[in-house]
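Report on the following structure.
As written, the chain order gives the labels A, B and C, with residue 1 at the start of each chain.
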Amino acid sequence: MWTVAFFVLPFVIMGVYSLWKRVGNKLITEFSFGNYENFFAKSFLFESLTNSLEVTLLVTVISILLAYPLAYILAEKVPDRWQRIALIMAILPFWTSYLVRSYSWLLVLSEGGVISNFLLEIGLTTEPISMANNRSATVIGFVHFFVMLLTLTIFANLKQLPKNYRKAAQDLGAGPIRTFIYVILPLTLPGIMVGAFLTFVLCIGDYITPAILGGKRELLMPQTIMLQIERRSDFPTASSLALILMTVVSMVYLACARWLKLDRL
Amino acid sequence: MFKFRNLAAFTYAILLYGFIFLPVVVLVLFSFQESRVPIPPFNGPSLKWYHAFLSDGRVVEALYNSIAVALLSSLVSVILGFLAAYSLARHNIRYSGIIQGLLTAPLTVSYLIIAMGLLITFNTLGIPKSLFTIGIGHVVINLPLCFAIIYSQMGAHQANIERAARDLGANEWQVMGLISVPMLWPALFAAFFLSVTFSWDEFIIAFMVSRFDVTLPVEIWSMLRTGLNPKTNAVGSFVFLVSVVFIFLLDFILFRKIKN
Amino acid sequence: MCFGDKVAVHNVDLSIQQGEFVVLLGPSGSGKTTLLNILGGFLQPTDGRVLIDGKDVTDVPASKRPTTTVFQDYALFPHMTVAGNVAFGLKMRGVSSSEQKTKIIESLELVGLAHLAERRIHQLSGGQRQRIALARALAVEPSVLLLDEPLGALDLKLRHQMQEELKEIQKRIGTTFIHVTHDQEEAMAIADTIVITNDGAIEDTGKPERIYLQPTSRFAAGFMGESNFLEGTVISCDGSQTMVHTAIGKFLLKEQGTEGDVVTLSIRPEHFSTKSGIRSLGEARILETGFFGTHHQCKAILEESETMLKVRLPQKEVIQSGELIELFIDPEDLTMLRS
């Protein structure tokens, strides 16, 4: 079927490629783990993975911290008939083109851009500053996207909690804060985990945001992969990097799945 | 105390909404910029950058390409997704668990990796890069989504109605055409619209497996290389507007379905 | 108490004795759940007061009230064990952990499920969940236990068993129970006092026997089991006795009335008999009959006045539809309802 032809096959080919080697302009079709050895030997390749992991973790944590209160406010404080429209509004930019969104942040953060101009106006700085082309810009761009995603998953989780859990907790003597800590928060952990997992997967594999906002000084894993393809046409190295990235994602996936199952027991 | 807490919540929500909307507002606002750079001070409104982008042959061509790829690849995705869901939900197929897992697996894999895999495969097989290959790529990413949406809507309730139709003498194709498809049409429609939205926005696959005929996001990418430009804002605002319209259509359809 | 512009409960004046098992009985939408929510502190009445043990608790939030609730869907916390659920209320009240342990065991033993303490909620059956919900609510020793249709989700047999158990537990611990249901058989099986609600108001309050045998309103008579209603006019009264004229004859009732009043008489189907009795109603034709195990349920029409009646005849009687039988009643079984 389709998937086999265009999904599984590429992986098989990629797997084979990753074991080959490229010298000069020629492919050496000889199996070896040289590419994988290279990955650990060449610091810039390995560093791109640690960079990616750092950024992804940071983004996931910040996004959860920002999104949870918003989802909670939307689910609890906003009257029912406004909820729908409030939620649609909260995730509207979610549907803009990924590319365009990153570009928009460039507008906001760049030298002479909106924030720089605002800081000049209120006199916090005396000359235009640039906040783009570094890791924080990448993180801001990512957080913007994933706050919306997490708001959605956490909101869905909060809404499907039966109202009686809260009532029962109060009935047994818990005030609002203890109701939240002992009952609401543990019961919304699945929503947080699902959202966090999605964030992790999408964030670590994304090329566009770091490429536009991150500048050239620090590369993330997808950028490194892209570099191998675009500049050097080194498919074997690119393949090996892609497979390493996939392995990391699969490990996180298995950990999540295991955690969710454990929780159910 | 109660008042204060609500006020804090309200303020927080407003601030976060501000954060969420800031880039979009800036994008749209400066697409009406008069001068050549989309940074403050704003000196519009002017429609000249919209004119510029609509009279740019390459951009318009990319726009048409995008529409064609989005519609066709989504149509293929929905049909394949429906057939897969139908056969998995209605017939006892061996290894159905594995097939289901395989069908949904691309959802968890980064587009970049899919794109690369496709590129290498096309190269190996000697398939030239074109709009057609972009379409194939988009079906790869949208098929799992369509399958998941349609499969989730094929409940036991529907199975019983189909059984009733068979009982009344309908053959397999009549059941599918007269019963399953009409009953599932909100799901099919939702899957189609969502696919169109994703395909419309998708960049990395289109970028990797195309050469001369490009889609709009790829064109925007090359425009980005030239730095900040109100024309890019105009194109971006346009893309945003189209996506929003699609989402509202989708929402409207789903909402009607819930009402029914 | 109002929801928007719709009044959900109004003019409710109800006092409940300590240690009583009270059942709020009424059709859905009659306001009984609203009343329970007001008692539990989940709703603020727009008007009126709630007093428990003589203390005004109207403005006390749910978490500080001496009431606990067994919810309709039990609302057991799925992320905690059975023991964790039972301990929750104790923990919130700052009970020491050693004391918590003894209380958990006590409460679980009360419902006979001490061996399930370490189970997770989703591993329990419906009946077990119901009991755990009860144990959790009782663990904190409330003054009043509120039960919101707790048996609704159980099958018939289990429901009957739980009714007995609830009643027994209530008698043993002596806590006031306020139980909401729309099932009149359940109400009669467990209640010391039944409160009938309709349209946001209380229709009748009293012991089950009294409410069944001498209902005060047509609604109460109709909701508590089946009844035949006959329109009639008071034609005379002399202090303690009243003569009422109806389509099927005149009856002398030991109740007070005013001459000329239009009243309704209620006759329970089981009060008819085919054996010669105090008062004959004449011949009746059986239209339909069905055997219910404990009795025959018949539809009959009185030949003379063409009045349709629901009649219950004893198990051993042999009846066929189309048959003509003579029906008797004891006028003492008639109840007069003022319209």
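By definition in this document, a residue touches a chain if its C-beta (ideal position, glycine included) is under 8 Å from a C-beta of that chain, and two chains touch if they have at least 3 such contacts.
As the structure is a prediction and not an experimental result, all values here were calculated from the model.
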(request) Using the touch definition from the top, list the chains contacting both chain B and chain C. (result) A
(request) With chain centres defined as mean CA positions, report which chain is farthest from chain B. (result) C
(request) Report which interface contains more C-beta contacts, comparing A-C against A-B. (result) A-B
(request) Provide the C-alpha centroid distance between chain A and chain C, rounded to the nearest whole angstrom. (result) 57
(request) Just give me the whole-number Å value for how far the CA centre of chain A lies from that of chain B. (result) 19
(request) Could you pull out which chain A residues touch chain B in their complex? (result) 1-4, 6-11, 13-14, 17, 66, 69-70, 73-74, 77, 88-90, 92-93, 95-101, 103-108, 110, 112-114, 117, 144, 147-148, 201-202, 204-208, 212, 222, 225-226, 229, 235, 238-239, 242, 245-246, 249, 253
(message) With touch defined as at the start, can you tell me which chain A residues reach chain C in the complex?
(response) 162, 164-165, 167-175, 178, 182-183, 186-187, 263-265
(request) Provide the residue numbers of chain B that touch chain A in the complex, in ascending order. (result) 6, 9-10, 12-13, 16-17, 19-24, 26-27, 30, 37-41, 80, 84, 102-103, 105-106, 108-114, 116-121, 123-124, 136-137, 139-140, 143, 197, 200-201, 203-204, 208, 217, 220-221, 224, 228, 232-233, 236, 239-240, 243-244, 246-247, 251
(message) Touching residues of chain C toward chain A in the complex: what are they?
(response) 40-42, 61-64, 67-69, 71-73, 75-79, 88-89, 92-93, 120, 122, 136-137, 140
